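One chain, chain A, appears in both complexes that follow, with chain B as partner in the first and chain C in the second.
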Partner chain A sequence: MGRYICKRLLQAILVIFLISVFSYFLMYLVPGDPVYAVLGSDITREQYMEQFYLMELDKPIIIRYVHWLTRFLTGDFGTSYRYSVPVSELLAQRLPITMYLGIISLVISVILGVLCGTICGTNRGKAADNILTVLANLGSVVPGFWLAVVGMYIFSMNLGWLPSYGFAFPWEGAGVAASLKQTIMPVVCLSVGSIAGLTRQMRSGMLEVIRQDYIRTARSKGLKESTVVVHHAMKNAIIPVVTIIGLSLRNIVSGAVTIETVFSITGMGSLLVNSILARDLPVIQACILIIAGMVAISNLVVDICYGYLDPRIRIQ
Partner chain B sequence: MKGFKKLLALAAAAAMITGTLGATNVWADEVPVSEAADESVKRGGDLKLGIGHDLVDLGVPSVGLTFQGSLIADTAIEHLCRYNQDGTLEPWLISGYEEDPDALTLTVHLREGIKFHDGSDFNADAVIFNWELWTENGNIELAGVTEYEKVDDYTIVVHLGEWNNAIATSCLYTAGAMISKEYYEANGQDAANANPCGTGPFVFSEWKKDQYVKFTANENYWIEGLPYLDSVEFDFINDPATQISAFLSGEIDAVLECSADTCLTLKSNGFESETKPLISGGASTILWYSCQDEGPMGNVDVRRAIASAIDMDAIWEYCSSQTGAIYDRTIQWGPNDVWSCNPETKGYPYSEEAAKEYLEKAGYPDGFDMVLYHISNSSQDEAICVLVQDYLAKVGINASIEAVDQTRLNTISGIDGEAFTGMTLSAGRAEVDLTTYYNRTFMPDGVRWVNQVDHFDDIVDTLTEGMTCKEFEEKEAACQKLSKMVIDDYCELLPMWTSSSAMYTHGNLKDHGIYQINYIIWTPEIAHFEE
Partner chain C sequence: MEHFWEINKLSVSYKTMDGMTKAVDQVSLYVDRGETIGIVGESGSGKSQTQLAALQLIPVPPGRIDEGEVLLSGRNLLSFSRKSREMREVRGGQIGMIFQEPMTSLNPVKTIGAQIMESITLHRGLAKEQARKEAVALLEKVGILDAESRLSDYPHQFSGGMRQRIMIAIALAGDPEMIIADEPTTALDVTTQAQILELLHQLSVEKHIALVLITHNLGIVARYASRIYVMYAGNVVETGTAEEIFHQPVHPYTKGLLKAVPRLDSEDERLTPIDGVPPSPANRQKGCQFAPRCRYATEACLDGGIPPMQEIAPGHFAACHLSSVRQTAATAEQEKQENKKPKPAPGEEAVLRAEDLCVSFAVRKGLLMRESGRLEVLRNVNFTLHKGETLGLVGESGCGKTTTAKAVLKLLNEATGKVWLGDQDLLAMPERTFKKQRRRIQMIFQDPYSSLDPRMTAGGIVGEPLFPYGLVKTRQEYDKRVDELFRLVGLEPSMRDRVAHEFSGGQRQRIGIARALATNPDILICDEPISALDVSIQAQIINLLEDLQEELGLSYLFVAHDLSVVKHISHRVAVMYLGTIVEITSSRDLYLDPLHPYTRALMQAVPIPDPSAEKQREQVILGGEVPSILRRPEGCPFSNRCSHATDLCRKEQPQPKEVKEKHFVACHLY
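Now for the complex of A and B:
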C-alpha cells in the first residue's frame, strides 16, 4: 500500500509541475502588456519602465518562471496586481469562505445522496423510489444559477425570509442567525446537483449489489435487513460514489463561480474569475496551483479509499 | 430643457469670467449656506447603497481612482472645492482663492479648525503634501508648478513657471482631495489606500474587498449638526438579478452603476432613475480612430467616410432607451451647451452616399477590412459594435469585432500602443474645460491614445494657447476652435454621447446628490431619509 501511495504521490507532483509550467507560459502568451495590468491606463514612460523592471520583464520568461517557482515553493506567492496585497493574504481571506460553504455542501450532499440512493435501491419500483428518482433527475438537469435566481425571487423578494446577497461567518459581527440565513441559499444551490448525482449513482450501485449472491446469503443467514443493507450492500455499492465524492472535493477550494457571483460571495471562484479578467497573474497562478493540488490530493484520497473498500484494487 | 441648459452654460461662463480667470476671487470664511444643518430634517438611519462595480483603490486619490472609487471615497475624503449646480467651483475646505496671471500665482486660503479623522490638523502642510503626492504618483496636472509657498498655516501660494488657467481646477478639485499627511506618513501608501482618512462627514469603518465598504458618521465633522445619517455602506453587487432582488426586497436603499438589464426591470416596476444631466462632467463614449495607421485609417477621408456611414443618432436612441442613465448625444468630445462647446462644429451627418464619395476620394471605392475593438465585459459595447459593423458593411467596409480585456485596451491606448487599421470603442472623461483632458491625448507627450491620434501642430498650438491664455474669451475661443479642428477638420475621433450611470432609490432618500452634478461627486453630509 505504501508503494502504491508513493507512486500516486509522485504522479501528482509531476502533474502539478506540468500545470504550473503550462499555466505560467500560457498567461504570458495572451495579448496585452502585463505592465498595464498593474498600472492601468494613463501612465508615463517613467512609471512604465519602473514597473517593467520590477516585474523582471527584461529577463527571459524561463528565468522569470524559475524565480516565480522558487518564491512559490518558499511560500511567497507574490503580490496581487489588482489588489496590491500579498496573494497569500488574499487566499487567506477567500479560501476559508469557499471551504466553509464547500464542506457544508459536501457533507449534506453525501449524507442525503447516499441515503436517498440507498432508499431508492432497496425500494425499487415503489413510491419512494419513483418520487426520489424523479427529483434526482430534475436536480441533475437544473443549473445552480437558475435555482439561485428562483430562490432569490421566492425567498428574498416575495417572502423576505433570506437575504439576496452577502456572506459572513457565524463568528463575525453579523451573528449566527444572519450568517445562517446568508448560507442557506448558496449551500442549497451548491448541493442540489451533487445530491441528485450521488442519489442516481448510489441507486444504480445498490440495484447492482442487492441482487448479488452474497446479499442473498446474508439474508438467508437471518441477518436483519438493515444490517444487510448497511454492512454488506452499501460498502460495495459506494465504490463508484466515492469517485464522484472525490471529484466534488476540488470544489471545496475552487468554489462555484456562478453561485459566488450571483450571491456576491467573495470566495475562490469569484477571485479566480476577477483575476483572469484583470490579468492578475500572481493570483491566477496561485489559484491554479492550489486547485491542481487539491485535485491531486482528492484523487490520491479516492485511490486510497478504493484500496480500503476493495482489497482487490490494492493487490492489483 | 435646452433653454435651461443654456442658462446654466451662461451662468458657468459668467462665473468663469468673474471667477476662474484673471480677476481676484475671495469668498467669505463661512460655512457654505446650502450645507448648514437643517433642524427640520429627520436624523439617523443607515444608508445601504448597492453598486455594480467593485474597486481596488480607495484611500489615496492620487493613485487614480475609478469613477466608482472616487464616488465612494468622497464619503470620507473631501475636496478643497466642489462643483456646484452650474458647473463652477465652490470652495469647500478652503475659504477662498485668488489667481494672479501676471504674477503666475494661485493663493489659497484654507478654512481653520478642520481635523482629519485621525485627529491631525488640516493645514497648509497637509495640502502641500497632497499636491506633491499627486505629482509623485505620476499625475501631470500640477507639472507646471515651480513652488508651493507656505505663507502661514492656512495660506499657500502656488507659483507657476508659466501661466496655466486650469491651475485652480487642478489644485482645488482634480488634485484637491485631501487625505491625512500624518496617517499616510505613519502607515504608508498601502495602508492609506485601504483606510481612507480624510475630513469628510463619515469615518471609514471597514472595507471587505469585493464585498462592501462601510462608513460611520463623523461626530466631529467640521459643519456642526451634520451629517444626518448614522452610517453609509456601499455593497458591491455585480449580478443584475441580485441587484434587482436586493433593491426590490428593500435590502438596499438605492442601486447605482446598475446594468441595462437592471434598469429595464426596475423601469417596468415603476421606478425612474434619479440621474440628472451632468453639467460639470461625465463619461464620454467615443469611437477612436487609429489615425497613425499607415493604411486606410491614416487617411482623413476614410475617417470621414466612416463617420458619415454610421447613423449615430439611431444608435444613441437605441442605447439610451435601454438604460436609466442620461445619454446626451454629442458631436464633440465634451459636454453639450457649455462655453467650450462650439455650435459651428457639425460633425458628419449620416449619409451613405457621402460615405461612398469620401471612400472614392480616398482611393478605397470598394472599401477595406478593419478591426473594431471593444471591452469584453460590456454587453452594451458589444451591441454598439454590431450596429456599427452593420452600417460599415453597407458602404463596403468589412469590420471584424474583437472583444479585448482591460489590459489589452490599456495597451492599445497607452504610450506604447501601436497603430492599426481600425477603431476602438472606449470611454473618456468629458468636462467643461477641454484643456484639462485634451492635453492627455493631443499633446505629443500625452499618456492616453497618444499613439492613435495625430498631433498636428495647429492642434498642439491651440491647446497650448487654451491652457496658458489669461482671458476667458481667449480660452473660450481656443476650446471651441480646438473642438472644431478635432472633429470637422481632422476627424480624429468619433464621439457618441456623454453619460453617467443610472441610480434608483425607493423615493425616501433625499439630497444625496449622486449623479446630480458630476459623475464622482455626492453630498453625503446632507443625505437623509424622509419620514
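Now for the complex of A and C:
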C-alpha cells in the first residue's frame, strides 16, 4: 500500500508540474503584448521598457518559467494586475471563506446523501423511496443560484430570519450566531445538488448490492435486516459513491461563482471569474494551480479510500 | 410420524411483466433428522425457490408465498413474519444454507473471520474471543490449513473450493440441525466437487445433520441421497428412494432425464434426448407440465389438470396420469433400436496435427515493464485429429484446454510450435494467407447467450461468412444456403428474422453451430458447447453434433470439463493437466484402463447416476486443488498431488510414452 501511494504521489506531482507549464505559457499564448496587459496601453516608452525588463521579457521563456516557478514555490505568486496587491494576499482572504463553506457543505452532503440513498435503496418502491427519489431528481436539476434567489426572497425579504448577503467567520467580530445565520443559505444552496447526486448514486449502488448473493448469505445467517444493510451492504454500495465524492472535493477550493455573487460573498469562484474577465494572469495561474493540486490530492484520497473499502484493490 | 422438516403444499409466485407467474406449485416434501435427501431439477424447476421460500428468503415483493405450511419440528414457520425473531433464529441457527456460487456468496469486503464469527456470536451467544476460537476450530474442521492466520484474509484470497469450504463453515457456525445445500458444487471442478460433497457427507453423519442437496446433477444425488425428489416446472413429479428413482423410474420425465445424461460407465449408445424445452414459469400449461415434451402424452395429460401424486410402491410416488404399464413395450423396443446405432469409425487421414504447441506469456515487472519471466500456459502439446474423428480434450479449470483451442485457431500470438492443417503449418502462415484457410476450421463457443450478436438476426449471423468467402454469388444462393443451414441444425428457416434473445439456450447453440458450418469447414473446435445448457437440452446438442459428423464427415476437437460427456462423444480423449497432455487414448480404453494417476483420480471423482454402481466403486478422493499455473511444481506437474510420486517425478518432467497400442501416457510409472 505504501509503495502504491508513493507511486500515485509521484504521478500527481508530474501532473501538477505539467499544469504549471501550461498555465505559465498561457500568459504568452493569449494575443496581445504582456506589458500592455499589465499596465494598459496608455503608457510612456520608459514605463514600457521598465516593465519589459521587470518581466524579463528580454530572456528566453524557459528561464522566465524557471524564475517564475522558483518564486511560486517560495510563496511569491506575483502581483495581481487588477488589484495591485500580492496574489498571496488575495488568496489568503478568499481561500479560507470558500474552503469553510465548501467543507461544511461536503460533510452535510455526504452524510445526507448516503443516508437518503440507503433509505431509498432498501425500501425500493415504497413511499419513502418514491418521495426521496422525486426530491433527488428535483434537487439535481434545480440550479443553486435559483434556490439562492428564492431562499433570499422568502427567508430574508419576507420572513427576515436570515441576512441576505455577506459572510463572516464565527470567530470574527459579529459573533457565532450572526455568522451561522449568514452561513445557512449559502451552504444549503451549495449542498442541494450534491445531496441529490449522492442520493441517486447511493440508491442505485444499494439496489445493485442488495440483490447480490452475499446479501442472501447474510440473510440466511439469520442476521437482522438492519445488520445486513449496515454491515454487509453499505460498505459495498458506497464504493461508486466515493468516486463522486472525489470529483466534488475540487469544489472546496474552486467555489461557486453564482452563489457567491448572489450572497455577495468574496470567495474563490468570483475571484477566478473576475480575473479571467480582467486577464489578471498571475491570479489565474495561482487559481489554476491550486485547483489542479486539489484535484490531484482528491484523486489520491479516492484511491486510498478504494483500497480501504475494497480489499481486492488493496492487493493489486 | 412427525418429520423434522416438512413442506406441505407450498406455492410461490412472482409478479412479473406478464402478470403473476407460479414458480413453485403445491410442493410437498419432508426430511427426517440425520437424513440426506436430493432435490433434482433443471433451471426454473423451482427446486431452489421451494427452499428459499420455506425460509422466507425470497424477495417480497415481487415474490409471494401463496399457500402452504412449512413445519420445523411441528412448528409452522410461515406463521412467523419474514423479519421476526423466530425466523431469524431458524435461519443460520437451526438451518444452515450453502449456495451455488462460492465466488459471489461471500461478502468481498469483509474478512472471512468476521463472516464466520458473526454467525457464532449471533446464534450461540459466545463472546468475541470464544467465537474466534470456535471459528478457527470450524475452519480446521472444513479443511482450511493455517486456520488461525487465515481468519483475517478476504474471500478473494481463496480458491473456489476453499470458499465453498468457508461457506460450509458459516453454515455450521450456528450448530444447525439441517443444512440446505443449493447446487453446492456446480461451479467447482470435478475433483474439488468430490472433496466438498464428501466433506458435507461426513459432517452430516458425524453431527447427525439432515442434508438437503439441491442439484441438477443426477450423479451427485445417486452417491449421497437416500431419498430423491424430482422437480419439473414448479412441481414434484416423482419421489422415492434413490434405488427406486434410478432403477424403477415411473414418471416419463425422470426416465427421460436418466437416458439423456451420458454415463461414464456405459458403452457409447446414442442418448435419448427429451424433445422440446422446459416451460418458463411465465407460460405454464393447463394440464401436466411435462405433457408437451412427453412421448406418451394423451388428451387427458394435456387438459386433465396437474396430475395428482400416486403411490406406486410404499414411499414411491409419481405425478403422472399414465400408469407405467401403459407405456407400451413397443415404444421401449423402438427406443432400443434407435439407441443401438454404433458410432461411425473415423478415417485414417490426419486433418489437424499439433506439434510441440507451446503458449507462454511474458511476466512484466517494474517501471519499465521489463520481462522478468515467462508464464508457460501450454507445454509441448502434441495431438493428431483424423478425418471424421472426435478428439476430446478434458481437464479441470486452468489446465489449458481452451488455450489449446485458441492456439490451434491462430487466435494467440504467443503460440509457438506447429499446427498442421493438412500439409500447411498454420502458425508459420502470414495472416493474409491464413484468411483463406480459416474457412476450413471453425469454432463453437461455450456461452450461447453472449456469443451471438444481440442486434443481428439469426439469419444474418449464420449467413455472414457466405459472401466474404465467395461461397455464394447471388442473393438467391445466399437465401437458399441459409435456409439449408437452418434445416441442417434442426431450426425452422422461418425463424431467420428473429434476434438472439427470442431463442432458447439450445436453439441459440444451434444457431452457433449453423454459423460454424456456414463455411463448409473440415474441422469444428467445440469449446464447452453444452456446459451452459440444461441437462435435457444437452443430449439434443450432443446428438446433433454426432449426426452432423456422420453426415458431413466433420472432425471435432471437443473441449469440455465433463468427463462423461467427453467420453460419450469422443473417439479418443486427451486428458490435460496444467498445460500438458498427461494421457491420450481411445475413450473406451480410457474408461476401462486409465493409466495416469490423475486420469484415475478424475474418473473416480465423476459421479455415476446409479446408486448401486456408486456403492461398488472404490472411493479415493484426490486431495488438494489444481495449483495455479504460476506455482506449477518442478518435474511432473502432478507430482505434488500424486500418491505415487517419487523423487524422479519431482525432478524431471515425464515424456509421453506409448504404453499400449495408441495409448500414450506421460508418467514415470510406466
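Quick notes on this structure:
Assume the second predicted complex is superposed on the first by the 311 of 316 C-alpha atoms of A that agree within 3 Å, B and C clash if a C-alpha of one lies under 4 Å from a C-alpha of the other, contacts with A are read in each partner's own complex, and residues count from 1 in each chain.
Here is the rule we use: a residue touches a chain if its C-beta (ideal position, glycine included) is under 8 Å from a C-beta of that chain, and two chains touch if they have at least 3 such contacts.
Quick caveat, the model's predicted, so the values are computed rather than measured.
In the superposition on chain A, A:Leu309 contacts chain C only, with no contact to chain B.
Judged by the touch definition given at the top, the superposed model places A:Tyr214 against chain C, while chain B stays out of reach. Touch criterion met: A:Arg45 reaches chain B, while chain C stays clear of it. Once the two complexes are laid over each other on the shared chain, residue contacts for A:Arg3 go to neither chain B nor chain C.
Between chain B and chain C, more residues of chain A are touched by B. Contacts of A:Tyr36 after superposition: chain B is touched, whereas chain C is not reached. On chain A, the positions that touch chain C within their shared complex are 125, 211-214, 216-225, 231-232, 235-236, 309-312, 315. Within the complex, the chain B residues that touch chain A are 54, 56-57, 64, 138, 140, 190, 193, 208-212, 235-239, 241-242, 245-246, 248-251, 376-377, 404-411, 413-416, 440, 447-448. Per the touch definition, chain C reaches chain A in the complex via residues 55, 57, 59, 61, 83, 87-93, 96-97, 99, 101, 104-110, 118-119, 122-123, 154, 156-157, 167, 170, 173-174.
Contacts from chain A toward chain B in the complex involve residues 31-34, 36-37, 40-48, 82-85, 90, 93, 148-149, 152-153, 156-157, 160, 163-167, 261-264, 266, 270-271, 274, 277-279.
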